[in-house]
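Both of the next two complexes hold subunit A, though its partner changes from subunit B to subunit C.
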Partner chain A sequence: MPPRVQTGRVSNTLLPYLTSTSSTTSSLPSSSSQCLRQFSATTASQTKLRRQMFEWLSTAGAGLKNHVPGETNYLSRLKQGGPDDSNRPFPNNPNFVSESILSEDLREEIYKRVVTKKQSLRAVSVELGIDMKRIAAVVRLVELEKRQRSQGKPLALPYARAVHEMVPVTPLADRGERQTYHESINDLPAHPLTGSQIFYPVPESRSFNRVEAGRVFSGAPAMTNEEAAEIQHPYDLAQKVIEDPKSIGWIGKGEKARQILQPADARIPHPHMIGLERDRLAHPNERLTVQRRHSDRLARQEALEQEARQRAQEHREASQKTVSPADSRFDYRIQDTKFTKETTGANGRAPWAVGRRYGVPHEDRTRGTVKIPTRVDA
Partner chain B sequence: MRNRASNTLSKGKIRQSWSKYNLYNMSRFRSPATMNRTFFQQKWSAKAVSRAYHGEQVREGQWKRMFSRRIKSVIPMNTVDLAADDGSLVSAGRGSGLTKEEKSRYPTRQTPYTNMTFAPLERRLDVAIFRAMFASSARQARQFVIHGAVTVNGQKMRHPSYLLNPGDLFQVEPDRVMFATGTPKNKFERRESRLAQKPAEEAEAETEKAEAEEPEELKSPKETLKALMARAKSVMSNDKDTLPAKRKQELRGFQKAVRRVLSRSGSESSNILTQSLEVQFSHLTELLKAKRETKSPKQDKKQDNKAAKPETDDSLAFEADEPAASDKLSAAFEQVTLGKDVDVSELSNEEFDTLKRALTQMRDNPIDNTKPYATPWQPRDYMSAFAFIPRYLEVNQNICAAVYLRHPVARPGSAEVPTPFGESIATPAYGWYLRRRW
Partner chain C sequence: MVLRIRLARFGNKHNPFYNIVVAQARSARGAKPLEVIGTYNPIPKRPTNLYNENANARPYKEVALDRSRAQYWLGVGAQPSDPVWKLLGMGGLVVPKPTTFHKAHSDSKGFG
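Showing the complex of A and B:
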């Protein structure tokens, strides 16, 4: 009986494990190519591919194994080698860029400004060039980190250091230097209504600006001359919306009702920056006045937002009663039911109505409904 | 669910994984041919290729329900431009010969909408964990969720298909993350950890014998130092050609420092490192502060002398000293590891910094056989080739937590959904999932 020749194949299956432990990569593939005796007529195609892979990993791909601190080490480096490609992880996709993350110092600085110095998110966002949502998230995460440190919970410090070495990082500027902006803070979300192409004839005698374009897109009638005369620049409308968010008009009835599309000036996160630029254009030589007006405007907007937040909180507290018994694991949040046709249906037994109804299975018992939670309250 | 997401070389599919097989597949990937193929065939192969990467753990029907043909995009606005005109300039004078042929001030870049085809999948918890670099593959992320190592907003979440909402904070156990992203143990380290576990088990069985010397001997710092040095040596000998020169230098310095400590602390009674590292560290930092205050005027001279000294950032390099300058430093290192007070007056500021950094790293990244990954922790091979964090996540690596800020968006010139495929695959794949075929 001839000897069973399986040794070559066995060593092949072991290869990835042997090579992954940072031991020799170059010597092992050669041994796999030395399995000389083939008894089967069909040769294993795997072997060749594997050999090619390990060849590649030991030659062209060798540089990808370890990183150099402070530099990216992506595959596209091998393909072109141009300086422009250093931040593109996928060589076939030029449209994806590995963007920088916040450095530890910058994170600490954000936390210091928001929590210790009590600056508003809006002000910090404009100063450091970071999105407001990101600033809120950073504050939340740093707070969580501080709590975990004080509780002595395990941290992944070497991992964090390694990641910050591999990924591009936005550093905190030195004292006296200008902070490099992390991202664009005035992103305008593209509204679905603006996707359509509309042919809209306008008399040449009329100026057709962003405000009117928004009305055309949302199908609202053109403004009267008096209304149009009030708005010198779309920023005036933005200011009006900031003062009173309910001043935006509505189009359509019932479920199809939607707000009139506002100009970009009202929909970007920092409309007050337009006011600043307009002041600069109007009064190029009065820097102090411009600064004062800007800070006033900022303070006004923050005060209004604070007021709105407070009102919403009060409304929530008024409409909901929370009962937390001393010996219970649960809090009970009790709300009054609105018993209308919309909320409970014509006969009060609509499937979407609250409460248990005889003959109507509870929602989590019905077939086909997804039981996976759709949100987790913080 | 059976894992069909193997990284076979024959198929050459690209997966959401950091494996070197995947890296090789990515390097040799070619877009499917379009010549002499029907439009249907082109769309089919584009869809097949991109679905192998995007949510292969999601059933096709499930994904079809998630697909949305509306693609979120943003346009970064310039407030100077917005302030300068109200938009009427763009609409005025068309057709009356008033327009001049003017180049726009900013280069208009196209928005790669179809690269966002699989944006709804990025909301999934398992994919988000992979994108935040907390797991080495989407499958591993999924396993972390199922095994209960992930919380969302502080509550344990066991559904990998949970769709994150903007503002959700998710957190993975740091140990799992270190395991997923760290170098795996080799067989000697695995044996070491088995041996370390053994006495503990025996101790449970027989309480009388628990006071035997074995565990102490095994954990003795001298042993760990020796093991460390052996590791440094093996790394040096094996990866001679791949390691960058700077790192080689650091490793060599580290080896030297350890050898010195080993040779000098001859007695068996040395109780270094293990117990009082924390105390040592705080003590040393206090000393350092005191020294800073006294020596601050002389600092400039010192720095001139030691300007040539290399910076060390590596996790392995506990001690990277140049042999000429740092006999004192290694002596101090030895003193500290022996648990004695250090004579600080002889050390320069920079030597102090090096000492402090070495101790910090020793404290943060200790040798611990009980961990499931090789210690001290090092990033796994080829991790850097996959290392990026998309902007729709804000990640804190220290606590392994991240916030899902918003849904991914496209903007002129870039799309936020990380995908290895270009326009030529993304567009036909998007076309495949439109209900009205084109």
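Showing the complex of A and C:
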């Protein structure tokens, strides 16, 4: 290692470059005489690339300095002749398309439908073509914004306005017009079980559809003929799961127990849309009946989900008691638990048991242990 | 020998976590107890600020307790330590222990 030269002065080596466009001269040469030892007193000239950059900025790139409100300000604007480059920020990467964001009106409309009109997230998601998770996030964020306004906290409104001017935006359709879908709402998440390639010979006489394939992927035994005969179409299974989520079978024991992989029909966010499409195909001339059946299905699913949520809430409240002592700064949440063989394992050391276990190393400092929280209790 | 319901400390430095245990009074704090009947996390947790109903909520401490086992051990004469007495009192399993202030107050009342 070469000896370090202490000049007694901290200098920014990038200084000549940083001030290259401004008219002020660099202060480095004048002050360099004060140094005890000097290796190079001359200012490094601009590199070729850097000179080209400033050339481009003053000629072709000058058009991008100020954005046009309501249009994107991407590099691809300079490249003429492309098919529709307004949503492609990188001219050399046509596969990258920037997604649009929700407009302010659409955001307010979501909040109005969910909070004021008390519509379900599912119904709003289908009507406006926005993912259910996004709907939930919008409702929560609008609520936060309203609270901040009521508290008189400052909002970054000029920033929000500028961003909305510069990125593609999904507008709210006018009254009577059809709402453009913001995103695809029925995406199927790729299940890790389906990643493996399995060679599974099946007799030609046997039916083998995606219901059976899911069982094979999760290592479950094949269905009996009676069970298989009950399922005319995989959508029947989806309906059964909606009616009774506990009807999904389990495979494996103890810690390794997992649910049998269901067909895509049951795993997509909006299974009822399959029912609608099937009805449309079966009864092409009875639009009203099809629509009524669709709304009935939506209402039924919403009622079931509401019931399940309520049951879970009641169970939570029954098993948990919150005490607020007057002389304490804290609340105490006392949760009922059962310390039995079933809950702590036969030797009392089951990994899912409540409390820290005796004689079991606490693996929180072992390599590869996930220490960041994987969920947040809101 | 006396049975005690007491806290056994787990967790690392500055990160305490307690099991509520039933143990012989003279046994070590970290020794294997007769039974674990609950847990107590003394580090307060703050409710998330996302919902309006949570906006002014107080921070909370988490206690997990097997009520039926606690009742059984109290019934056969196990004596809770002071911190456990406080927790059991809040759970409604024992009468809260009178504080020094309360005792002094009731004494002065009795004499006066």
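A few comments on the model shown:
Going forward, the second predicted complex is superposed on the first by the 265 of 378 C-alpha atoms of A that agree within 3 Å, B and C clash if a C-alpha of one lies under 4 Å from a C-alpha of the other, contacts with A are read in each partner's own complex, and residues count from 1 in each chain.
Just so we're on the same page, a residue touches a chain if its C-beta (ideal position, glycine included) is under 8 Å from a C-beta of that chain, and two chains touch if they have at least 3 such contacts.
Small disclaimer: the values here were computed from a predicted structure and weren't measured.
Once the two complexes are overlaid on the shared chain, A:P171 sits clear of subunit B and of subunit C alike. When the two structures are aligned on the shared chain, A:R140 is found in touch with subunit B and with subunit C.
Within the superposed three-chain arrangement, the count of touched residues of subunit A is higher for B, of the candidates subunit B and subunit C. Once chain A of one complex is fitted onto chain A of the other, the partner contacts of A:R50 are limited to subunit B, with no touch recorded for subunit C. Judged by the touch definition given at the top, the superposed model places A:G249 against neither subunit B nor subunit C.
Of the two partner chains, neither subunit B nor subunit C is touched by A:G219. Residue overlap on subunit A between the subunit B contacts of one complex and the subunit C contacts of the other covers 140, 144, 376-378. On subunit C, the positions that touch subunit A within their shared complex are 10-12, 17, 19, 32-33, 35-39, 44, 48, 50-52, 54-55, 57-69, 87, 90-92. Remark: subunit A residues 140, 143-144, 147, 321-325, 329-339, 344, 348, 354-356, 358-359, 362, 364, 376-378 touch subunit C in the complex.
Against subunit B, in their complex, subunit A makes its touches with residues 16, 20-24, 45-46, 49-50, 53, 56-57, 60-69, 72-75, 78, 89-99, 101-102, 107, 131, 133-134, 137-138, 140-142, 144-145, 148, 153-167, 183-184, 186-190, 192, 202, 204, 207-211, 213, 233-235, 263-265, 268, 270, 273-278, 280-281, 372-378.
The residues of subunit B lying in touch with subunit A in their complex are 9-10, 20-21, 23-24, 26-29, 31, 70, 72-80, 82-84, 86-88, 91-93, 96, 112, 115, 133, 152-155, 157, 159, 161-163, 165-169, 171, 174-175, 177-178, 181-187, 234-235, 238-239, 241-244, 246-247, 313-315, 361, 364-365, 376-379, 381-391, 394-403, 405-406, 409, 411, 413-415, 417-423.
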